[in-house]
Amino acid sequence: MEHNEKVIKYKDALLTSMDDALTRFPGTIIMGQGVDDHKGTFGSTTDLAKKHGAHRVFDIPLSEEGNTGIGIGAALNGVYPIQTHIRNDFSLLAMSQIVNTAAKYKYMYGGHFNVPMLIRMIIGRSWGQGAQHSQSLQSLFAHIPGLVVLMPSSADAVLESYNHAVEHYKGPVISIEHRLLYDYSFKSTYGEKDAAKHDPFSSRLVRKGDDVTIVATSIMVIEAQRVADYLAKELDIHCEIIDLHSISHFNKEMIVESVKKTGNLIIADTSWQAYGVCAEISRIICEHDPRMLKGPVVTLGMQPSPCPTTKKLEDLFYPDDYTFTMKIVEMVKGRGHGLSVAKTSLNETYKSFKGPF
Amino acid sequence: MDALYEKLFYQSLRIRLVEEKIAEIYPSDKIQSPVHLSIGQEALAAGICNNLLVTDMVYTSYRCHAYYLAKGGDLNEMFAELYGKVTGCGKGKAGSMHLASKKVNFMGSSAVVASTISNAVGSALASKILNKNQVSVAVFGDGASEEGSYHESLNFAAAFKLPVIFVCENNGLAIHSKLEQRHAFVVHEHAKGYGVKSVYIEEGYDFAKINQVMEGIVKEVREQSIPYVVEIKTYRYKEHVGIGDDHNVPYRSKDEFEQWKQKDPLIQDAALVAKFTDEINKEIEAAVKFAEESPVPADEELLADIY
Amino acid sequence: MEHNEKVIKYKDALLTSMDDALTRFPGTIIMGQGVDDHKGTFGSTTDLAKKHGAHRVFDIPLSEEGNTGIGIGAALNGVYPIQTHIRNDFSLLAMSQIVNTAAKYKYMYGGHFNVPMLIRMIIGRSWGQGAQHSQSLQSLFAHIPGLVVLMPSSADAVLESYNHAVEHYKGPVISIEHRLLYDYSFKSTYGEKDAAKHDPFSSRLVRKGDDVTIVATSIMVIEAQRVADYLAKELDIHCEIIDLHSISHFNKEMIVESVKKTGNLIIADTSWQAYGVCAEISRIICEHDPRMLKGPVVTLGMQPSPCPTTKKLEDLFYPDDYTFTMKIVEMVKGRGHGLSVAKTSLNETYKSFKGPF
Amino acid sequence: MDALYEKLFYQSLRIRLVEEKIAEIYPSDKIQSPVHLSIGQEALAAGICNNLLVTDMVYTSYRCHAYYLAKGGDLNEMFAELYGKVTGCGKGKAGSMHLASKKVNFMGSSAVVASTISNAVGSALASKILNKNQVSVAVFGDGASEEGSYHESLNFAAAFKLPVIFVCENNGLAIHSKLEQRHAFVVHEHAKGYGVKSVYIEEGYDFAKINQVMEGIVKEVREQSIPYVVEIKTYRYKEHVGIGDDHNVPYRSKDEFEQWKQKDPLIQDAALVAKFTDEINKEIEAAVKFAEESPVPADEELLADIY
């Protein structure tokens, strides 16, 4: 069997990284609502309490602010806590501990303390779950110095960066996991000797191309790849795709070099554009040299409204890959390009997802 | 008294039949939003809301169908909402977890655990400032009482002597977690630490008893402008979210379920069930038809009503 | 006396707008820590409890999340609550109510409910107050649809927009007030018949010029004006200044038109650049047409660290107006301009501020 | 027993003299960060910390000087920190509100009210998981107990049986707000609602009594791994923040102040004050000199120690 035939699901990568952390570091604990139940945080913590003990993988009360403060205090006393929020919306209740405490601990006390911990937050799409279960709040964290904010878009991205977080990094890491990635299968070379070497907390160049630069996060990386495949095959348009991966510590040079080459930039994020990743990447370009660009930057994200539940509006709320594709064609070929683009869409994936959860 | 009993029975049964209808429709995917059913817990909504005036304010969690109905929310608008139609009580933007009806002062239901508790306290603050002679009610689960804002809400309501009733629907579970694993306090005892009066009702299936206890409490809260904590033991028949049964999963025992069913009037009193079912089902069928035939929201709705 | 000779302090404008709200609308209340004490929220609520009654202006427990939820519930039942955070850092404890509840109430329930309320949050500088009392968190709120986020930079900006909020607007407004503006005096034409008419929740063009566009927020508008005065007088460089005022609903056309004219853009905000106002304005330009720009955009904000307390580092942490000036000279005249710029600095103002508070 | 009394007296007096020195220096603007003095409250820090091992962990609020010293924090590093010097315990980045000293497990002091309470609970969680035989202590004001995270912390500590002591320094004030206006509960009574043992000490000036009560509690907490709430009545002599007196302002009464002073050993026991003052002042002068002569941080420090 060739090594690149190894295939692994996102959720299994999560489970593996959790299991590894518990196995290799006796100080690791997983504390979160339902981490020890039969659903095991959508399969990412299943049976770990049984395997590693109920004192290391345990359920906690509904007390986000307190729990986060408790995680921090534990981290300061020799434990590596992994915390989970089954929706990142709930982490808003823990903002003070994350922003006022965890992010500042090392600096505020002159470098004498470290708060090593991992906070996993799940975002999603197409659950018909409405305004309070649909947000994608990465930029709120990435605005704050002191936090490493990740959005792993593949199984290997999970394995590389979570293992790095637990083993080597001494500060708080926020990781935003997309629920719809959980059941995706990815090729994996993690751990193999000729596997690609990434800075585990930085960006990845996932596809090379000369026509357009796509900077994407999380599941938008998958969409970008589908769109890029289509464009290359059908319309001879070649996209370069940068998976931002870390939205707090992304690779600026990689982005600048790519835009210098292509002159065209499209940014695709899971959240609102305003004050989000789309804004931040625009800033990087503007501060470097906006004249690298041949024309306007295109951004894709959620429409500027809370998320409605009804399918009709929800489909309008999120960008689809038809729009994604069309925007790129227009960017490269101009408005009156007259090319036709198939309507096959990743939306089918979204639609087929049901829940509960 | 019999008339009252029948009224409460009817209310409770209506809620159950509505939710059973939801469970029936759900696999068809016409309802594309997560549902948290109150089947097994209907008597609380019926017994509590029977004592409220239309001007009184009710706030709940995502487990809101029962209170929406008991407070007088329109059934057509509820089904339309579940179907994502523009004729729904939230124009299709709300879905199952966010039912609300301004007309009957069913003020909102939230998917963020405990978040509406303080809203109800604020409602009571406004009543007091504006002399409205209203009672405000916050309905929440046992899990919600673990949130810091529950403590903040109790303290504020007690310090400011506000007319608000905190109703804890204690079903002993937060998703799959047992109360004992999460909770170092007893809700109705803990309230006394704030000088807040409280009561515990163990018979959460008994709408008549709940109604009777609540009658005195609502009167007291209204007349004296004080907060009150009401903890009611109850039992969730279905899984946390969705329409399935999950007694096969070891997190809870089938026995417990059987014991509750033994006491559940909606199961035991077959005669009354038979008496009312047809009438209720007719109403439900009409509401489903209304929902089916209603239009989805126009595209412009996406960006309407934000500011 | 000529009307434009009227001068009013920022804090007096605040006090006037608070007093007006209470006088004109019987449903208005002010609830906040210390609003009824002898310091009266730095002079902005002084004696209002005596004047309007302790049931309308009152102190509250230290319970930010609960208090905000209580404000929202009161707003839904006929009261107009004005809430205060003497440091915006504390509002992180109320994020869930602000973001998950207040911002979404109207939309989530189909437009049937309104949450009219004003949340005042104070930011600052030069207090030696360190990491947890120095943040400027406007972008966290402005990322969220449903919130109007203001940063009034003058007495009239306060009067116009607060009165509009209380009288006409039906939703939640977050206003970020800079503590060092409190004691500044401003010319005022508010309420006079020939006073300038602004959209109370939008941007203001506060100075016209052809060489550089400065987009600024809060106290950075004052700095921009000082810098622009100096540049016009000493170096014949003419700045156009846009006071963003509302960072959630700013005037995009005004910005685009100005940049089209000047080709040079500098953005000056009170917070970190990443994911902040500097990023958002960059996005607007990038999406419109980055080729309007003659060169890189310059941004000014806090250095990407938590705020240190020691003066030495604090002075490096914040931008000073010497840097501000030099950046503009370089932008207009090129790097080797050889011009000398005086080192007089607004920093003196910052340094002379002591506290306590 | 006399030796013990003198030791505690010395500790308390040392704290007072250090803070009086700060007050003396403050107008010179050499200390450019807001100071929250514990003058009047010193006995708590002395009586509590006397029972802790160096391996025990202490967390406080911004009102932290007293505990920093009582837990064994270095005086030179403290003054250097107040002066913003790189030799400070926080390299000049911390200032008065964020003293910490890892060497003596004085783990942190926060300017966000109540935020360190849960950190101390987490510390105790780690002790238990890692079998460390430590006691963790959270020190906070009466105002802090109004924050939701206090409730969350009590509940967690009780549910998980963690060895943590919650010390409420009840000075009856949050800035200028009186306890009665904000608080509908009594801290040490309220704790019992969580099954947490508690004690109330009214004599917050009496370090000997505090020491003695704490001795038993620390032992119990350590041996049995249980949480404990200790509420101590105390009195803040100075204004909330800054170095001024503010008894002229009507928010509190001068009488109360006079009564506290009557009982304050650091005022009443002139002989012992005389006995120790010189020695302490010498230590303080040396620390001030150390601070004065230390360098400010290099520019590179601005962006160091963030990640």
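Per-chain residue numbering starts at 1, and chain names A, B, C and D are given in the order in which the chains are listed.
In this text, a residue touches a chain if its C-beta (ideal position, glycine included) is under 8 Å from a C-beta of that chain, and two chains touch if they have at least 3 such contacts.
These figures come from a predicted structure and were not determined experimentally.
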| item | value |
| --- | --- |
| Chains touching both chain C and chain D | A, B |
| Cα-centroid distance, chain A relative to chain D, in whole angstrom | 42 |
| Interchain centroid distance [CA atoms averaged], chain A/chain B, Å | 36 |
| Centre-of-Cα separation between chain C and chain A, whole angstrom | 32 |
| Contacts with two or more other chains, residues of chain C listed in rising order | 60-61, 63, 65-66, 89-90, 93, 96, 100, 107-108, 130-132, 145-146, 304-306, 308 |
| Of all residues in chain D, the ones touching two or more other chains | 92-94, 98, 110, 112, 146-149, 151-152, 155, 159, 181-183, 306 |
| Contact graph of the chains (line, ring, star, complete, other) | complete |
| List of chain B residues in touch with chain D within their complex | 146-152, 154-155, 158-159, 181-186, 189-190, 192-196 |
| Touch list for chain A against partner chain C, complex | 65, 89-90, 92-93, 95-96, 99-100, 103-104, 107-108, 130-132, 135, 139-140, 142-146, 248, 265, 271-276, 278-280, 282-283, 285-291, 293, 295-299, 304-306, 308 |
| Chain A residues within the chain B interface of the complex | 33-34, 37-39, 59-66, 89-90, 93, 127-133, 303-306, 308-313, 316-317, 354-357 |
| Residues of chain C defined as touching chain B within the complex | 27, 29, 55-56, 60-61, 63, 65-79, 81, 96-97, 100-101, 105-113, 145-146, 148, 171 |
| Of all residues in chain D, those that touch chain A in their complex | 57, 59, 88-94, 98, 100-102, 107-108, 110, 112, 115-127, 129-130, 132, 134, 136, 148-149, 151-153, 155-156, 159, 304-307 |
